[in-house]
């Protein structure tokens, strides 16, 4: 399946912390660069995410804000 | 200003393409890893974004989806 | 690719209206039930969307609001 | 109240699963076609959602992604 | 229609700037406090927004970030 | 840090209700006008939010819907 979201960054799952409804997933998208994701527990289970697994961080372009110092 | 969005990735502005209402900004967050952002033209102007400038890609954790092959 | 978004509704593309930056896509997800999507023109081009094509409407559960009369 | 969100799909509530902060609501928008929604528990309570109730799935056009196989 | 979005702030329309696809709407939610909204042109037309009209700014709780200096 | 989100409304923190994963924050943006925000507990902790503290409600223009009666 190919999705219209503009960003699909190759990543490695570093940590999976399940809550009661949501699961927090830490993805490493480059050495030392991590992105935190919060998805529903049902989705995390269905994707069978676990430490070390290859995955993608998928982000819509309109959900990326830009900031400057 | 410190924002509640969980992800604030250090980046370099690679490209700024202004449209009539929105501006597309390409950010390099690691060597060879780019993220595309679409923000309003008014915001892009106010941040004075231009190629080579240091910036951040700011993304809420709930806006990061996870995908697997 | 399997994405963490909870909803992936089978659909048929009914209409594709390209703008300068964004493209409006009308998807029929059941007979007489249509969903309107606005994605970037670049994404629409890359997915090669056209009338009659099979596609999916992908929506995160947290992006579905509920209303009552 | 009429909202600017482009999609307001007529639906029947199929399931309401309350968590501690969020509630998961399953809406049937056509025979056999279901959409999952996660809203805050406070909102679900205020809308008095229960199985069989008529409701709407309200979704902004920019929150509908498109995917193809 | 009553929507699950947590915030529905009473407002007065101060400005409506139509683009080709999107329309920018400025809403005054308290004396001197304005909120900018970008909705699709089709939605703005359907709501018949014009300066001075009473309206609401509707915002999901998860779309409100918090920042501190 | 200056963010591309169009709306940054000055506010006072009225209430902070921590859950297991998310925290609900009530912000007063004008006398008698409150906005509810749901952010991750980790973000709320890192911002050290507490009643009476000055803060901002930061909202992207595309996340503000408009409604009329």
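Letters A, B, C, D, E and F name the chains as they come in the text, with residue numbers starting at 1 for each one.
Note that a residue touches a chain if its C-beta (ideal position, glycine included) is under 8 Å from a C-beta of that chain, and two chains touch if they have at least 3 such contacts.
Model, not experiment: these values are computed from the prediction.
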| item | value |
| --- | --- |
| Any chain in contact with chain A as well as chain F | B, D |
| Shortest path length from chain B to chain D (each step joins two touching chains) | 2 |
| Chain B onto chain C, rotation angle from CA fit, given as a multiple of 5 degrees | 120 |
| Distance from chain E to chain B - Cα centre to Cα centre, in angstrom | 24 |
| Chain C-chain F separation of Cα centroids, rounded to whole Å | 30 |
| Inter-chain centre distance, chain A versus chain C - centres from mean C-alpha coordinates, in Å | 22 |
| Multi-partner residues of chain D (each touching 2 or more other chains) | 1-6, 8, 20-22, 24, 37-40, 43-44, 47, 56, 58, 60-62, 65-69 |
| All chain pairs that touch each other | A-B, A-C, A-D, A-F, B-C, B-E, B-F, C-D, C-E, D-E, D-F, E-F |
| Touching residues on chain B, where the partner in the complex is chain C | 19-22, 24, 38, 62, 65-69 |
| Complex contact set, residues of chain B against chain A | 3, 5-9, 24-25, 27, 29-31, 33, 35-39, 43-44, 47-49, 53-69 |
| Residue numbers on chain C that touch chain A, as the complex places them | 1-6, 8, 37, 39-40, 42-44, 46-47, 56, 58, 61 |
| Chain B - residues contacting chain E, complex | 1-5, 20-22, 40, 60, 62 |
